[in-house]
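One structure, as structure tokens, below. Some questions next.
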Amino acid sequence: MAAKPISRFPVPGLADLPEDIRERILKVQEKSGFVPNVFLALAHRPDEFRAFFAYHDALMEKPGRLTKAEREMIVVATSAANQCLYCVIAHGAILRIRAKNPLLADQVATNFRKADLTPRQRAMLDFALQVATRSSEVDEPDFATLEAVGFSRDDIWDIAAIAAFFAMSNRLANVMSIPPNDEFYALGRG
Amino acid sequence: MAAKPISRFPVPGLADLPEDIRERILKVQEKSGFVPNVFLALAHRPDEFRAFFAYHDALMEKPGRLTKAEREMIVVATSAANQCLYCVIAHGAILRIRAKNPLLADQVATNFRKADLTPRQRAMLDFALQVATRSSEVDEPDFATLEAVGFSRDDIWDIAAIAAFFAMSNRLANVMSIPPNDEFYALGRG
Amino acid sequence: MAAKPISRFPVPGLADLPEDIRERILKVQEKSGFVPNVFLALAHRPDEFRAFFAYHDALMEKPGRLTKAEREMIVVATSAANQCLYCVIAHGAILRIRAKNPLLADQVATNFRKADLTPRQRAMLDFALQVATRSSEVDEPDFATLEAVGFSRDDIWDIAAIAAFFAMSNRLANVMSIPPNDEFYALGRG
Amino acid sequence: MAAKPISRFPVPGLADLPEDIRERILKVQEKSGFVPNVFLALAHRPDEFRAFFAYHDALMEKPGRLTKAEREMIVVATSAANQCLYCVIAHGAILRIRAKNPLLADQVATNFRKADLTPRQRAMLDFALQVATRSSEVDEPDFATLEAVGFSRDDIWDIAAIAAFFAMSNRLANVMSIPPNDEFYALGRG
Amino acid sequence: MAAKPISRFPVPGLADLPEDIRERILKVQEKSGFVPNVFLALAHRPDEFRAFFAYHDALMEKPGRLTKAEREMIVVATSAANQCLYCVIAHGAILRIRAKNPLLADQVATNFRKADLTPRQRAMLDFALQVATRSSEVDEPDFATLEAVGFSRDDIWDIAAIAAFFAMSNRLANVMSIPPNDEFYALGRG
Amino acid sequence: MAAKPISRFPVPGLADLPEDIRERILKVQEKSGFVPNVFLALAHRPDEFRAFFAYHDALMEKPGRLTKAEREMIVVATSAANQCLYCVIAHGAILRIRAKNPLLADQVATNFRKADLTPRQRAMLDFALQVATRSSEVDEPDFATLEAVGFSRDDIWDIAAIAAFFAMSNRLANVMSIPPNDEFYALGRG
């Protein structure tokens, strides 16, 4: 089968990109060994690219009490609910690496209720899924449930904001039909 | 009834904000006559605030073939599907003003199929709702339908990206439980 | 845009109506200053018209422990769930007037969980929505919940009957595609 | 098992009823050999009783191009979608009698797509179910589909109004928990 | 109307069947007085026929603490949720016979929450429906609920396995469009 | 974390099993290098075990026009819709091996619409999902769609029967909470 296009929309060449975006892309390429397709697909719109990754980094890279692996669990569980191929595969790889667990991502993507999680992580994903699929019903008892297993208000903001950011991201990747890079499927499995 | 809080999370005072955020807030206050609650609620996290509004402006303020009123139609229709009180009321007001139509926002929020829309706008909202609620099923025939009524690929990106951004925004406002400022309910009705 | 038709079905002229129906319509016109479109649309079938309004009045005009405003809350919340433009806009206006609150109708229509309601009113709308969308699951514990916040069996009948009557009314207005009169959008806002 | 109550609400004795309601009930008893429970349950509220049966008769007893059996098909199919035990069993009996077909009611209640229907009747029930479950989406193409198999606008009103009336009736019977009289289960089967 | 075919797929004649299958069919014919259509429809594939009925008998005919009538309740309730005409009608007949109750099957098929059941049977059907429609959410609290009303782990296996087997059976009968034999509709009613 | 149990129900030791079942298990162990957990979990009920695997083999091992890989695509796609961890992971491994494609299983599990499939395979999975989730709506046009891309009636039986068999299998594995063997996650990945 011929190579699938990276997006349903025009994809810029690296040489045509604004300097800051090209640099960010080269940096991720250096680190990962390949350019994740979402970078090229979103680069069609430089201003949106910049805002997207600034937001992403503010949620996923900042210090905080959720571990990096826990943040990726939220991404994988909610992206699976939205059937976003790109996000499930790419962030599944990152989850395997961050959790140093080759099995967890597939468990969380298929049915997080059966995954090897702590009760605190299970409550975190129950809430993340509620934000992803029925946010209009979130109410104080949901906060109380999370606080009872040790989450602070700021932790709850983090869970909700990651679920919300990927609600956006999943919709973009689904409409653009961005395929995950082949490399992601195998990363962190060995 | 006592004044409802602006958010379920801490809300900073204007004096405590970074300079750029305070300036943005004062500017919107000068223009609108009041500070929309979402600005204060999101200011609890300055980096996320900056990314949120940079993204917002890149989609809602940039030149493009969708009119400003049409962009607000997308916001109101998808926010209603997500039952986001803040976004329906605040962007309903903006839609009334931008469309110079005091009735349209309530129509779009309640049942966009009954609203006074052109066939092109109806197709736009059909697609926006699909992105909001079933993005995993978007496929080439959906693009063909939009192109048949005159939308370009870049217009389709705009529709999808606005629907996706407010998928995020609705979830944040629902979890934070941000009430719309009272002023929004009446704006643009006269 | 040209005036939208009042119904997908034939609409009688006032002069062609049976005397009792014409009188009822003239009376509502005198009181409101205009003829709500639902009266003209339903008058195509005089017997159904008479039964509809007899039922309506038996539920909405009779004495009882639910306030007139509370009855309208039930109408607006369930009509919003059924996406009935006519009922949300027309009864939203009545709710604003009856509750002397210009904001409440839009809150109840968009997400009643975020509306400025007493716990008793919140329980009332939770139940009304259950009747509107999952009546087959109503059971004794639902009655107990309502009784715990002070509703009598007869109050519960009222809540259920109003939700049921507008389940019918919403379906009729949706199929007939009755547009709300322009006057309703602004009533009670100022 | 002890006799189940006829309603979750108070049930009046025949002697306590207004004359017109008692007469109506005695008339149905004379005709059927028993008093259908819905009459006694609704008689708790005489004004609502009168409006309910006036509306019922205006739809179900009036002349028109839908046969009496076809009207009952609409009742049974939509009541099954609403899981209303009383209406499925009672109107299933009437459908068997009116259609002179001992099998049809169970087919229509379980899966109308598998019932022995003409294409015109199948289109009628497809539309009735749409009115029952997604009336906000009804639009001109649905009317065109019905007109293509021979229904007039007034026939469509009949289908929609019957589906809408039983949307109300099902919700009332579900909340009241009215059991069907034992007699209904066997009627018309022989 | 002409006789409906027994299946959307080829139906073998008795004479063309392998000996063991013909014998099983003749035996059921002798016992019931007619050949249930599912036997002929499935006989198109002898190996699948054999496995299907071996599985069926292992669940429905074996000794165990669920009564034969209770097993049929599970079949009827879950088949109704799947709108399987064949299974609801055929197993409805068997339920009437096994329970010696001419009303129960129609109650369970229409809305099991309104059926004349013991609390233990109600819990059994609540769980069976969960297995039929949301098995991915089954968790330890569901087991605890069943154990609290007296079910053992092996009873729970029985409930789940019957619901699961008919999840398969309903899908087969729906795709094949197997009509129930006319005889089933009346069996056990008198 | 301690080893998770293989089932919520008792799991027999190999030594305690009937000879035929022990032999079948030893044979699969010899071939795969490990005993898939579903064999041990189901062996708690020898008669059901025998029927289950007889049925499985009749569908999955028999000659036919669907390739072995295509059959596994049906299993993975429908098991993902049912969120069955065991089946998605175990049959995902088999799909990778049968299709000699390390990426396909994850694609089919996450969103089969984005998988690298031929149009014929896409139609196959569209139908399999319909059988899995809305079998009551299957009708002649669905058969025509499949026949238009080259499937015979017997191919359609195969698709439907595999989807139906795993509707059962998914529910069993979900209720038993059978974890996939760790080996499955990595099999066939390269």
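So that you can tell them apart, the chains are marked A, B, C, D, E and F in the order they are listed, and the count of residues begins at 1 in each.
Methods note: a residue touches a chain if its C-beta (ideal position, glycine included) is under 8 Å from a C-beta of that chain, and two chains touch if they have at least 3 such contacts.
Model, not experiment: these values are computed from the prediction.
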Going by the touch criterion stated earlier, list every chain that contacts chain A and also contacts chain D.
B, C, E, F
Using mean Cα positions as chain centres, tell me which chain lies farthest from chain C.
F
Taking A-B as the reference interface, identify its repeat among C-E, C-D or B-D, namely the pair sharing over half of the contact pairs by residue number.
C-D
Greatest Cα-centroid separation from chain A: which chain?
D
For the homomeric pair chain E and chain F, should the interface be classed as same or different, according to whether the shared residue numbers exceed half of all numbers used?
same
Centroid from C-alpha atoms only, then distance chain D to chain E, rounded to Å. What do you get?
29
Could you grab the centroid distance between chain D and chain F? Build each centroid from C-alpha atoms only and quote it in angstrom.
44
Where chain C touches two or more other chains at once, by residue number
83-84, 111, 136, 174, 177
Think of each chain as a node with edges to the chains it touches; is that a line, ring, star, complete or other?
other
On the basis of the stated criterion, which chains touch which? Give every pair.
A-B, A-C, A-E, A-F, B-C, B-D, B-F, C-D, C-E, D-E, D-F, E-F
What does chain F use to touch chain B in their complex?
111, 113
Chain D contact footprint on chain C (complex, rising order)
8-10, 44-45, 47-48, 50-52, 54-55, 58-59, 62, 82-84, 131-132, 135-136, 138, 143, 153-154, 156-157, 160-161, 163-165, 167-172, 174-177
Within the complex, chain A is touched by chain F residues 1, 4, 80, 83-85, 88-89, 92, 102-103, 106-107, 109-111, 114, 116, 174, 177, 179, 182, 185-186, 189-190
Listed in rising order, the residues of chain B that touch chain F in the complex are 136-137, 139
